[in-house]
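Each chain carries a letter (A, B, C and D) given by its place in the written order, and its residues are counted from 1.
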């Protein structure tokens, strides 16, 4: 089958032929990919940012945002069968450790992360496990929803954690209205009555944000911290969701956060640098955010199937994976790029 | 009356005569001080660390950790009367703003902070408001409890916030077993069944920590991060309470925190510097902590009066305020120094 | 001034002349009433249901749902002044007790309840306290919002408590789409993405409910429990908000609640009768609900001023108070009846 | 093998020979029983109280509180192996449904309940699944801990849910200091600093309760509601944990609950009968409680292995199962009766 393989860090991956994976364990599930999202993390992988944390053996297939159809199942699988349309939680988890049992399966101590640690979904087939499969309405087109599997679940997870802080009268700043951010805005609008203020460098992204439910847009032209303060009587926002967290956004984000507020780090690449006096004198929090739980993904699919969250996507054939990565890097993708094998 | 007054930053305060304060508003309460705690924050005030955030007019009286007896009350005061023994919440609050009404009075938008912003309690009398007074058993000696008014409430507040994370089987690291830390350890032992691991540079402080309920002590001799990892099968602690947060502790603290765990910043003086990738890939949080609520102080007094939290203090006459500050600075105080007018 | 006074239980109140109240304490606020809502509780008061719990001295003025303009203030009042448009939290609270400080001011141990315990707002003027006043946009017409002061705050309070249970994919049943229920439905739609199923005896009320955001309506014609089960694959609803809780609704409500779900009792008049085996074998909860907090009311006003919650009201002159009560009793009021002095 | 089998409701079970169970599915685990607790629920089963809810095919083996050694495992089992000492969560769950993934595995929609729905553990061997096995220190004697598998986990689960309500200064009433209650008291003492007041009909049970950490005991001689009110300045207790919930305790329990408090129903057999006016006017809750989660059991084992929770047990040989049931019924068991095959 065809797969998008990374051979060396700092070099673009290559589309090439590899053997199909095969079902081995009783809980294995092999999925025919219908859509594989292209994520900023894929660029970061190429840049080697994840090399230390994940340490995959090169070459390997990237792609951690996948949907498709069940192709074959192991002997112990009971909840999906060949032909089922599925979206895949990015991380097949064990179901037995404390985290899995505590509703925090993304912290499973026995999981692996296809596309980061081992072969992922930018390919014709992907090997995963039963616990990762969310069954969908058979008429769903995988390419239409694939971006929810990682961009979506991550944005949803952060928003869901913030709900208790976002009662009426509060302000939530969203930094970055791209792949994740444009989903986050819709989740905020569906799940809270907070005022949504979006900060982005790109005026088009701000325009899209307003269509999706943002109440105000701030162009990140240098005056963004001041602009958010102005919009909040000088206080800052109770919650800041930072989908960028690099190139200065990570300092802006904390600076825009109100006393007793929380700054959610979702993007990455930068380094926060904050005097502990500033943290304690205002009792502000920095909240880490990773991909969400299986249940987060299932809940997000409910929103999606009710039309409360819609994706802005652009599809590319699998062969054009490198074009998609380059378009993303150059800021030429509004919403999310999706590879269709 | 005598008062400990700061005339210039970077110079020790002076004990001198000033006029007594007078009750003016209907909710004012004038308190005769029985004990005024000496806090590392007082040193930081002298160093000018709070100059920008609080901006007091010099000279002024420091001292933000106070207990004593009600001396005079305004016409609208209904819950305390002259002669009552009281411990004082550090910040007289309005009771009318959103924060006060939401159980977050330390974020009151109309409060002031005696000893930081205006005249504090290292004096014979202090002017505060009814909302700051916690009435005590008349037999309580103010000098025995004063340290709970700031060191105590701050430690208690952080511990109380962390309770939901500290179920049996978890580990909580306490960095710094000094004025705040030795109270935090006792609060942890009273309110949770977590394993308490204390990290301190001083072997005596570790010995005291164990008497107060710590299960293990780690000498901060350079290998403290590794030692905590070893004690937790390599994972780190679910919660780290950092009562130091300067001189490198602020980097250690985050490094000791387990995946999905929370690092509570309580001390201050240093600067955290963390790649956003490290925050998101492990979903760790940095939690800001300031002084607690009035209810926190009232709850802590319940623990204290039941003997669940006891203070290690050393008293000094008010005239010896500078000696007390110097002893604290030189690390010669185990527990807390208390001025007695 | 004119006031609606109850002279004897089981007899309709009388509109008569009484002296105006006067400002006495430093925190008193006298309000000129612009709108006073008529509530099912007023009928229950007349029936004597509250006689034991509240024990007012007859005759007294009823009316616990009020908005108007500040007329006069006590010497210590700082946050409102004569002329301000205000909606009134039903219960002036002390701000000093544990409940007030914990963000639960409706459990204030020093409050009284105008209209239940002492003279209320079906009159030209009402005496309350500063802590009860929520300042509004000066252009707001009190008669348009008065119903939010009790019906609104109570519905909002229950919905807000239920938010964590109402993630996407859940079902929330609302029993009773009348004065409180029609606000509850809008709050649910604004604050959650749950599926809203409304149960009512009246087909018109169901039609209105759908306009306000309900996803399904069930006519309470005897088969309502079965109908809810059918809509939820036999499981029942994760949350049931019962705005009726009498005449059998209180048994239906629990029966409609799913395993591990919560039945919120908001209306009253009936008696729940449930085997403890049914409570424990399914781990279902019965949640009591009273009027909300001051902050609840402030938040609800944000929703109202953003047009997310609109009231269906019918105004009556103060002199027609008895007509309004009779119309309510006979089920002739859609939404809420409002007296305008 | 020998097993304790129920042949008919309202007749005592019989100890008789039955075939050993066999491992069939890949995740099956067969356990050699080392200790099987005897629970009031076993009496209720004999009385037919669970017939409708669980509907087992008679005859079947009772016993839902089990510990022992792994004897044989299915092909897909990875976390336990023959010889391991284990305590068993009462309900083998699927790990795939929403509840299992949300940290609420006791609400698994695909689980069964050995000892209630199908063959249980009052036998030489029990068939369960990998997800139910909590691995213990190999030196633990199953008979010493078996009672934690159901009595313990249920008491722990209720206490853990109540922790946020039990801050210092509150009172928690425990009704019934028997099999569950005596564990609940120890969990309260380990996990909170609340004042523990125990209500029981038996003076010996009260004496034991005080040794285990209760601060006060109230003899249930008719004046128990009044006595609790007296101990709480007339307010009642913030939390009441009712381990009886029959024979009038279920009315007492709610009556002892303070305004804004919560009454936890844990025992069963009676019927609560409460006017909805009483529920809403004081905003009290009735909280259902069933057996806890797997993680609850694992956490409880941490407390047990640290000596924070100790069991008062009396062992009987498996052949004497009927004697044990009769002793329990007659109130002759302090703590818990354990069958040892």
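The rule is short, and it goes like this: contacts are C-beta pairs under 8 Å (C-beta built on N, C-alpha and C of every residue); 3 or more make two chains touch, one makes a residue touch a chain.
Note that the structure is a prediction, hence the values are computed from the model and not measured.
Undergrad: Return the chain pair with more inter-chain C-beta contacts, choosing between C-D and A-C.
TA: The greater number of contacts lies at C-D.
Undergrad: Any idea what the CA-fit rotation angle from subunit B to subunit C is, to the nearest 5 degrees?
TA: The C-alpha superposition of subunit B onto subunit C needs 180 degrees.
Undergrad: Calculate how many whole Å lie between the centre of subunit A and the centre of subunit C, each centre taken as the average of the chain's C-alpha atoms.
TA: Here subunit A and subunit C have centroids separated by 41 Å.
Undergrad: Using the touch rule from the top of the page, what residues of subunit A touch 2 or more other chains?
TA: Residues 98, 104, 169, 298.
Undergrad: Across the complex, what residues on subunit A touch subunit D?
TA: Result: residues 25-27, 75-76, 78-79, 95-96, 98, 100-105, 130-131, 293-295, 298 of subunit A touch subunit D.
Undergrad: Residues of subunit D touching subunit C in their complex?
TA: 49, 53, 98-99, 104, 106-107, 169, 245-246, 250, 259-260, 265-277, 279-290
Undergrad: Which residues of subunit D touch subunit B in their complex?
TA: So the residues of subunit D in touch with subunit B come to 160, 163-164, 167-169, 190-193, 298-300, 302-303, 306, 308.
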